[in-house]
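Same chain, two partners: chain A is paired with chain B first, then with chain C.
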Partner chain A sequence: MIVPPRKRFGPLLLIAPAAILLGVFLVLPYLNIVVMSFRMPGQGTPYGPGFTLGNYGKFFSDFFYVQQVINTLWIGFLTTFICLVLGYPVAWQLARGASTFRALGYALVLSPLLVGIVIRSYGWTILLGNNGIINRTLTGWGLIDGPLPLMYNALGIIIALVHVFLPFMILPIMSAIQGIDPSLEAAARSLGASKVTSFRRITLPLSLPGIQAGCILVFVLSLSAYVTPSLIGGLRVKTMAVTVVDALIDTFQWPFGSALALMLSVTGAIFVVIFGRLTVMKWKA
Partner chain B sequence: MSKPFFTVYCLIIYAFLLAPIAVVVIASFNAGAFLTFPPQGLSFRWYLVFFNNEVFMRAIRTSLWIATLTMVISGIIGTMAAMFYVTHAGKLKETVRVAMLAPLLLPEVLTAISLLFFVYSVGLGTQNLVGMIVGHVLITLPFVFINVSASMESYDPAWSLAAQSLGAGRFTRFRRIMLPLIKPGVIGGCLFAFIISFDVFTISFMLKGVGMSTLPIQLFDYLRTNFTPEAAAVSTCSIVLTMAVVVISEKVLGLRIHRF
Partner chain C sequence: MTEVSIEKLTKDYGQGPAVNSISIRIAEGEFISLLGPSGCGKTTTLKMIAGFEDATEGAIRFDGRDVVHVPVEKRDIGMVFQNYALFPHMTVEKNLAFGLEMRKLPKDEIRTRIAKVLDMVQLTGYSERYPRQLSGGQQQRVALARALVIEPKILLLDEPLANLDAKLREEMRVFIRDLQRRVGITTVYVTHDQAEAMTMSDRVVVMFGGRIAQIGTPSDIYERPANLEVAEFVGQVNIIRGKVGNRVVSTAFGDVPVSGDFADGAELMLALRPEAVELLPINSGATGAPAKVLSSYYSGSLVDYRLELATGAVVNVQTFPRTRFADGDQVLVHAPSDRFWPLGIVA
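Showing the complex of A and B:
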């Protein structure tokens, strides 16, 4: 068979548009933001000529920003942990429960993902606000005198973040449990293990990859969440992502904003790597 | 854990997942000016206010226009990349997959910020839609890729070879053999790209030009200062639109969209 010369390059044309798009508009911008974080702050322009380490110096010398990174990480940890505790049983039911429930449950877990994040956060402001449904109902029943502080604080942000990211915890755990051969659990039971023991010794360890994926996903998503903390936290509680975006949009401090964004990403990445190492060790043990 | 207890627990979680969405829909039919629960009587007045609000209507038109453009561009690029991934990638398969999913794995805020700096650095700016569309295509590309490559897994390359041996050219083979077979994945991926683009916030927020806004941005701006049920009416229309796209694709067209 005669192979026309263009055949060798033909397939590459298929990937070329995607490769150019990702290379030019994803890789280059990410490199650019690293360079940007070392630029001089500008006077009336987004950045000035020359390079400096000052943006990182400013971050470490101002306790306000360090504190904010710690707060953001803390909110991320709590959100991830609560998602795991709330989500695991649901994931288990979706994977192993009665089939009538399964299709409906699956649809119920997925459908929130189809609703925009602004709308879902807005729903929480209706529920949690001082004049919101929860506070009005409780006041109406005479259970509380004044409104409970459910919004404009870390509590409200965590509640809403758990809601927004719970499906991202449930789905990976569900597919991990689906991948476990049910006969393993049956074997454990037939050898006299109780339901709890069989879960603790068989199902839970084998679903660890799903737990790991879900935790990393939720943690990263909650660190970088902007809409939810900004609508629920208002001006009083700000996470790092909110501070960064506001700093860039309102004050045009591009070099410093880049440094802040990168510091948050690097700290987040460090925790993800540590978490990954810990879970892999646990796996092998 | 006993079984009924377990079922009840799961039902509570499902209720938690649906609560804020249900509340928005119910609130949109509220007759009063303040959101209360239960609503003070049923009314469509906030829908009328919304339909007569030119600011929101313009934002919806912008959103639909951007989502349509995004869907077409992302659909073409994503489908081509999926074809390469399934049939030609060879040893590079895993690399291609990770690269194509990268926009989904990287924090959206960071992608949005770096893209904003980049469009200014290269002189594109944000006064045209280029930056915004590029951002939306980046974010939606993984979804097209996932759906199309999933539908191609069952495609046998021998079918293409058979067509080739019968004298069909490259494009004919694609149009007559492959496209009809992978159509469900392509349509599903495109529809999902449309929904994601219609709902995406952070990318649009960073890359919007002065005086331009999409529906989520307009809603966000409105919610910072207002609390009338008009926002609930806007949200409900947006929810109905996306749900309609999903229901039509899954029930009428019989597609199964891969969201993950």
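Showing the complex of A and C:
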């Protein structure tokens, strides 16, 4: 098809503001991080003269850092999985359930996002701490002898992350389910499928685009979460994001911190790409 | 082949009955249309036959067995939806296989049946396509094939042609009707399009406000409508009024004998279809009512005239365009007395 030349620039003009914003404030700084990660460590300056691969060498030679990436990924997987399991029924209910409580449902789903991240994390410390509400109640009822380790470990981080990222799982799945024509389920029933079979063979696969989007969102957000892991993980469990900030701010190692940050991004991106490949949908245009 | 019997079927959502105690007997292999304006209860009736809606009262029998408490998936129905409801994530073949897999048929039987049904709907070679790769008419035929391939007891169609363009719609009417005859399956067809109902059905059930206004063959419905509502819903009609005297109604077109039991002096409404009359030149010497042409609409095979009688009443007349009259022409309207149909007494 021959496009008149005047029209060819129309779409470009439309995306220009967003593209400029992202270019100046995301792509350029990111490139700066890439360059920074190859700099020599500085003495009292952000970086020294010349370039080196040493920052990456340090990462791969010290299993401590590799282990941290693995821990972070593992927390990301579990948070994503738990969000999916908890979020899907809620999304289904919001999309297909009676409309009476839908507005209330939306409000409840979005409520974690309405509370500031620091306040929310401190809230979890009040609940999960050794002297926190949960442990004190269970001890008081005589159900446990000593406090359960709910905080300063991966479990506490996952609980808090699931809480805040659940909406990012529920909303895309809900919108995917809303986009499924209810007559498809009716057609499946008319062809002899029970409600369960009709869900398994029709609704679930058709909501896969929402599952895909929700999982990628929650996974990426979990990997890069900083405030929650640092407040709830404390000094004992550190995720990559916390370590990166430590390197940059506490020990002032900008080049090494940049290398760490990039290793986290790259591994995260690899898993997102693999996940995307695994969930490719041939039936979509 | 299955006989379907609907007895005093009622559906009440809580704001008065949407379907009000209707009874229909559908013979084996019969093609029945439920015809009526939106909100008349035709779709609700279909959904109750399918099992998507619970009946508030009444019975639905397939070959004598009440299925009211049988869930949809156990009723053994084939249903075609208005928007086709093809599974977008499955190829044509998978769509067709779905119902057969639910019935746990062996793989090679599934394959043979799919090949047969694809041939029947003239879509051989399309089995690997996804629904989005098909045209509206092709999707429609896949939906039909998917409903038929399971060899259900009855076939239910919910306004299946509403989303097609006019030409395709007419082709599909013939296609569906031929297919239904060949398979010999008992069929219930819901539509608000009277032309569709007339051309396809053995019998038409006309519904208004949750009640059945008339059940009859297409010609019963058109030529002998049960009441004014039916006459006006099915095609165009002129309502001619006149007083009964001596078993005869005197109208502007002359005396019309009526066979019903009407008291002398009662004012009667008579239905007169626009194509039932003949238009003649005013000086032709034939009997008829003189009238003036108000306007005419030429549509190729037919011409529609609006005429004003001497009484001031307006009648619509449809003729072949062999003799054309111009606006303002005086004409003679000849209506044979056997083309009038009494609709009842003016209330």
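One rule holds in what follows: the second predicted complex is superposed on the first by the 258 of 285 C-alpha atoms of A that agree within 3 Å, B and C clash if a C-alpha of one lies under 4 Å from a C-alpha of the other, contacts with A are read in each partner's own complex, and residues count from 1 in each chain.
Just so we're on the same page, a residue touches a chain if its C-beta (ideal position, glycine included) is under 8 Å from a C-beta of that chain, and two chains touch if they have at least 3 such contacts.
It should be emphasised that the depicted structure is a prediction, and the values quoted were computed from it without experimental measurement.
Q: First (chain B), second (chain C), both or neither: which does A:116 touch?
A: So A:116 only meets chain B here.
Q: Quick check on the superposed pair: does A:269 touch chain B, chain C, both, or neither? Answer first, second, both or neither.
A: neither
Q: Please indicate which partner A:127 is in contact with in the superposed arrangement: first for chain B, second for chain C, both, or neither.
A: In the superposed model, A:127 contacts chain B only, not chain C.
Q: Between chain B and chain C, whom does A:85 touch in the aligned arrangement: first, second, both, or neither?
A: neither
Q: After the superposition on A, what does A:257 contact: first (chain B), second (chain C), both or neither?
A: Touch status of A:257: first partner only.
Q: Chain A residues in contact: does chain B have more, or chain C?
A: Chain A has more residues touched by B than by the other partner.
Q: Please output the residues of chain A touching chain C within their complex, sorted ascending.
A: 181, 183-184, 186-194, 197, 201-202, 205-206, 281, 283, 285
Q: Show which residues of chain C lie in contact with chain A when the two form their complex.
A: 50-52, 71-74, 76-79, 81-83, 85-90, 98-99, 102-103, 130, 132, 146-147, 150, 156
Q: Can you list the residues on chain B that touch chain A in the complex?
A: Listed in rising order, the residues of chain B that touch chain A are 1, 6-7, 9-10, 13-14, 16-24, 27, 34-37, 76-78, 80-81, 83-85, 87-89, 96, 99-100, 102-103, 106-111, 113-118, 120-121, 134-135, 137-138, 141, 170, 195, 198-202, 205-206, 216, 219-220, 223-224, 227, 231-232, 235, 238-239, 242-243, 246, 259-260.
Q: Once bound in the complex, which stretches of chain A touch chain B?
A: The touching residues are 10-12, 14-15, 17-19, 21-22, 25-26, 28-30, 32-33, 36, 46, 86-87, 89-90, 93, 97, 101, 105, 108-127, 129, 131-133, 136-137, 160, 163, 166-167, 171, 220-221, 223-227, 231, 241, 244-245, 248-249, 254, 257-258, 261, 265, 268.
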